[in-house]
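Down below are the structures I want you to see.
Two complexes follow with subunit A in common, the first pairing it with subunit B and the second with subunit C.
Moving on, here comes the complex of A and B:
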C-alpha cells in the first residue's frame, strides 16, 4: 500500500493526470454545450478523429502549425454543422445520425490515410506538434511548479476553454439563447428565438471544442495519426459532462476525475490491484450521479425541485 | 406505378439510399484505384466467388442479426438504447464463465447456457430500462456508460478467473465440447447460431406485430402521450423493451462465442453492438428486414475483405458506404418533398376522375 501511495502522490503522477485529462476536457465541453441546448451529442468521437487527421495531414503538407490548427478546427466545425444539418434539417434522430457520422469519421480517415500514403506504413507520417510551455514564475515553485508548468500549450488552452465556455454560456446573448432553447424550446420560440439555428450554433461550437481535443491528441499527446486513435474519449466526454451537470467547473472536474482514474490504472497496473475494476468505477459513478440528478428532477414536487436545481447551478457557476 | 411507389415509400427510400451508397462506393473506387474496373467487380462479385466467401457472409451476419433484432425492439419504442455493445460483450463473458465451470450433456448444456446468458443480458438491459422508466434518465447516456462498465467488468472476470495461462495471449479457457454450437456445413464456420438468430427474428416479428404487448410497444414509440392516455402502462412497456433488447443482444454475444470463437478472446468491445444499430436502421426496425440487412452488411464486409486482399482499395471503403447509407435512411426528410408531390398529384388525379 505504501508503494502505491508513493507512486500516486508523486509529481510525475499529477503531471500525467493533467496530460491525460486534456483530451477529455475539450470534448466534454463540446458535449456540455450541446447538452445545454437540449441535445445529446455522442458525435464528439468522430469530430475529434476528423480533426486529429486533418491537423496531421495539413501540418505535413504545409509545415505550418497555424494552418493545421485552423484546418483542424474548420473540419470539426464542419462535422458539427453536418450533424446539425442531418438532425435539424433532414429530421434524422441525433443519436443515430451521430453514430453514422462516427462510423464515417472512422472509415474516411483510415481510407484517406491509406490512399494518401499509398501503402500500409502509416506511422511514417510525422506530424508537427504544438510546443510545450514553461510558465515563467510558476515553474520555479517547488512541487507545484513541476506539476503545472512545462505542459503542452494545448493543456493550458483546455483550462482556458473552461473559462471561455463559462463566459459564452452565461455572459453572452448567444449563451442565454442556448440555455433558453435547452430548457424550454417552445417558450424560446414564442419570444422569437430561431430554435434550430441556436441548436446548430451549439453543435458548431461543440465542433470547435472537439476539434481542439482531437488536434491535441495527434499533435501534442503523440505526433502521428493512427486508426481510431480517439479510442472512446468522445464517449467518456459524455460521462464527464454529465457528471459535472454540463456546467463549466463541473465538466472540468468530471474530465479530471476520468483523467485521474485512467492515469492511476497505468500506475497501479504493476501492483496487485484489479485495475480493470478500478477503471470501471467512474463510469458506474456517472450512472449513479445521473440517476440521482434525474430522480431529483422527477420528484413529485417537480416544479420546486427543478427551480432549486437551477438555483444551485447558478451558485456553482459563480465560484470559478 | 405512382400508387405502388407511395404505398411502399419507405422501402423505395431505403432502396434509393442503398443505391446512392453503392454509387458513392463506385465513385471512390474510380478515384483511388489504378484498375477501377477490376476493383469494382472484386467488390461486387468477390463475395460470391467461393464457398468460403459466401459462408463468411453468414458468419458475419449471425451475431449482427441478434443485436439488430434486439435494437429494433428498442427503437420501435423510441428507446435509443445503444448498450447492445456492452450487453453483447459482458453476457459473452458471463456465459463463458458459466459454460467453462459446468459440465453436462450438450442437450442440457446448450439450452442452459442460452438461458443463463439471456437472463443475464436481460438484467443488464434492465438497469438503464428501470432508470428510464422510473426517473426518465436518458437511456442513451446510461447505456453508453454501461458499455464501458461491461468492458472492464468482463475483462476482470475473464482475465482474473477464467484465463487460460497455457495460451500465449489473453483468452479464456476453451469451452467444453458440450457447449459448442455445432457447425453444419463442411469447411465453413456456419453454425446453428444462424438458425437460432432467424428463429429469434421471426419470434420478434410475431411479438411486435401480432401480440398485444407488441402493439403497445409500437404505440409508445409512435406517441407516448397517446399511449398513456389510451391506458397503456408505459412504465411496463419501457421495462419490457429494455429487458428484451439486453437479453437478445446478450444471447447473440454468447452464441458468437459458442459457434465461432469457442473461447472468450475479446480484449476490447468487438463492435457487433454498433453494427446492430446499422442493420436495425437499414432494416427499418422490422425484425425480418433486419435479417436481410444483416446479410447485406455481411456481403459489404466480405466485399471489403476481398478488396483488401486483391486490390489497392482499402477495406475502410465499406465503413464509408455503410455510414452514408444509414445517414440517408435516418434522415426522415430525405426525399420527403418528392413524396409530398406524389401525394398531391395522386389526390388531384383521384379528385378529377
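Moving on, here comes the complex of A and C:
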C-alpha cells in the first residue's frame, strides 16, 4: 500500500493525470457549449470515434499531420452538423439522434477498418502522431517542470481550448447568442435571431472540440485506431461538463477530476486486485461523483421545485 | 393625426379551422395609445401576431404609413419600426439588462469580439433618453417584474420602434407598478410613439387609452374614442351582455374555522425562507383572499396546504387534524380540494381526455371501478353531468383536454375540485388567463361553494378578483403576512398596494395569531 501512495504522489503520476485528462477535456468542452445553447449532446462519443479514425487513415495515406488534423476536425464538424440536421431540421429527439449517430460511428469505423486493412491486425496501421513538446524555461523548474513540460502538443491545445471556449462564449456576439438561446429561445427569436442556426453552430463547434479529443486518442495517446477506442469518454465528458456547470474552468476541473480517477485506476491495477474490479473504478467514480453532485443540488427538498416563470411556455393551451 | 397602421378586411384562419380574425379592420393613429380589448380567444393577440410577423393572414391588407406591409417574420416587423412586448417576457434570465437590450445587434470590438462596455453604455444612454431607469449591468433574474418589463420596452426602443405593441402588460404588475408603466406610456406618447395596448382590464383601458377597439368572437365590434365609452359599456360590448363587476354580498352565516394555519415556516430550494411565521384561519362560509405580488410565498404556502411541499415548522389543521405530514391524497380525503395556479402543470394531464381528467381523484370509488377494471359508462355519464352543470364548452368527454380553450380547461378543473364536495377549497389564481365570461362564471361557482358553508382560501394576483370575492383579506410580502383586513368590503386596490410592495406593514400583523 505504501508503494502505491508513493507512486501516486510522484511526478510521473501527475504527468499522467494531465495526459489522461486531455481526451476528456476536449469532449467536455463540446458538451458544455451545446449545453449552453440548450441542448444535451451525448454524441461526442461518436464524434471522437469518427475523428480518431479519419485522422489515422488520412495520416497513413497522405503522411501529412496537418491534413490528418484538418480531415479529422472536418469529420467531427460534419458529425456535429449531422446531429443538428436530424434534431433541428427533421425534429428528431436529440438524444435518440445522438445514440443513432454513436452506433453509426462505431459500426462504420469497424466496417471501414476491415475494408481498408482487409481484416489484418489493426496495429499494422501505424499512424503518424502529434509531437511532444518541451517548454523551454518551464522544464528546468523542479517538480513543476517534469509535470507540465514534455506533453503531447494536443495536451497544451486542450488547455488552450478551455480559454478559447471562455472567449467564444463570453466575449463574442455568437457566444452571447448561444447563451441567450439556451436560456430563453423565445427571447432570442423575438429579436430576430435564428435560433436553430445558433444551435447548429454550437453543435458544429462541439464537433471541433470532440474531433480534437478523438485525434489525440489515436494520434498521440496511442498511434493506431482500434474499435470503440473512445471507451465511454464521450459520456464521461457529459458528467464532467455538467459538474462544471458548463463553465470553462468548471468543465476543466470536472474533466481533470475524472482524469485523476482514471490515472489512479491505472496505478492501482499494479496491485494484486482482480483487474475487472479495478477497471470498473472510473465508471463507479462517475456514478458516485454524479450522485454527490445531484444530492448537493436537490437534497433539501425531495418534492419538485416550485416552477419559475421561464421555460414554462412549453405547453401552450390550444385555441378552441 | 396621421394613420400609422391600417388593417383592412383581415382574415386569419388557423390550420385546425379556427377563425381567429374575421374581416377585421382597424386604423391606428400616430402618437396615440390605442387599446384593443376583448375576451380570451376574441382574436386580439392573433391580430397583433399578424402585424408583428409571427403568423400570417389568409387575406386582407396591412399598411404601415400608407405602404403595404406583410411581414413574414418578426425581424421584418422590427426593421419596419414595430416593437412588441409579449405577455411572457422575452428575456434571457442570466444575461444582464444591457446584454438583453443589445441581443441580436451587438456592438463589436475589433470586428469579432462582443463589446460589453459599449453595450452597457448604449443601454445606459437609451435608458436615460426615454427616462426609463433600469440597472443596466444586473442580470434579469435579480430584477422585479416591473423592471423586467421596462427592459422589454427599452429593447424595442433600442431597435427604433415607432409603434409599440404591449400584450396584456399589466397582468403581472401591482397597481403601483401599473401606474408607473402608464406614466411611461404617456411619456412615450408625448415623444411621438404610437402604442397598441392589448388588455381585458377595463379600468386600465379607460385610464390609458385614447381610442378603444372592442373585439368579440374574431370580429371587431366597434372602435371609439375612449372618452365616449364607460367601463360598463366596454364590458357589455366585449361579452355581448351585461356584466356584474360589483362585489359579492358578504356571507350571511360564518361557521367555525375549518382550516387553521399556525406559525408556518417554509424554506425554498435555494435556501431563502419562503414563508415566515404565517398564521391564519378560514371559517366555513367565508372567502379569505390573499393579495400580494406573485413570488412572495403564496405559491409555497398553497402547495404546503395541499401537501405538495414540506414545511419547516408550524401547524396546518384541517378541522382538528394536522396535515403537515400527510400525503396529498390523505389531505384530499380530509375534504381539501385544490384549484392550482398552473392548470396545465398541476391541474390536468394535458394529453388525456376530459373524462380521465375528471375522475383522476375519484376513480377508486365503487361507482367507477373495481380493482381490475374501470366502468367507462359511469365515468362518461358523470362527466357529461359535470360538463352540463359547469357549462363547459366541450365537444365530447373523450376529447383530449388540451383541445379546449384555457377558460374551459379551468372550468374542468374547477368542476372536478368543487364536485368532490370539499370542506376546504384552496384556489390559486383560479381565473388566470380566462376571459371575462368565464371569469364571471368561475366566480359564481366559488361564491356558491362559499354559500354552501365551505371554507375558501383564495390566492390571486388579480386584485379585482380579490376585492370582488373576499370576505377578509390578508396581504403577503416576502413570505410574511404584512396586513390583515377583517372587513374586505371597504378595502380598495390602492389600500392594498403599499403593503404588497412592502412599503407599509401593520405593526401587530406578524405577532397576532388571528382570532
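Definition applied: the second predicted complex is superposed on the first by the 265 of 320 C-alpha atoms of A that agree within 3 Å, B and C clash if a C-alpha of one lies under 4 Å from a C-alpha of the other, contacts with A are read in each partner's own complex, and residues count from 1 in each chain.
Following the convention adopted for this analysis, contacts are C-beta pairs under 8 Å (C-beta built on N, C-alpha and C of every residue); 3 or more make two chains touch, one makes a residue touch a chain.
Since the structure is predicted, the reported quantities are computational estimates derived from the model, not experimental observations.
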Should A:280 be classified as contacting the first partner (subunit B), the second (subunit C), both, or neither? first
Which partner chains sit in contact with A:70 here, subunit B, subunit C, both or neither? Use first/second/both/neither. neither
Any idea whether subunit B or subunit C touches more of subunit A? B
Please indicate which partner A:115 is in contact with in the superposed arrangement: first for subunit B, second for subunit C, both, or neither. first
Would you sort A:295 into first (subunit B), second (subunit C), both or neither based on which partner it touches? first
Both subunit B and subunit C touch subunit A at residues 298
Which of the residues in subunit A end up touching subunit C in this complex? 167, 171-173, 175-177, 179-180, 183-184, 186-193, 298, 300-303, 305-307, 309-310, 312-313, 315, 317-320
List of subunit A residues in touch with subunit B within their complex: 40, 42, 86, 89-93, 95-97, 99-101, 103-104, 106-108, 110-111, 114-115, 232, 235-236, 238-239, 242, 274, 276-277, 279-280, 283-284, 286-287, 290-291, 293-295, 297-298
Of subunit C, residues touching subunit A in the complex: 14, 16, 18, 20, 41, 73-75, 78, 84, 86, 88-95, 99-100, 103-106, 108, 112-114, 116, 155, 159, 267-269, 271, 299-300, 303, 308-310, 342, 344-345, 350, 393, 402-406, 408-409, 433
What does subunit B use to touch subunit A in their complex? 28, 32, 80, 82, 127, 131, 134-138, 140-142, 144-149, 151-153, 155-156, 159-160, 274, 277-278, 281, 314, 316-320, 322-324, 326-327, 330-334
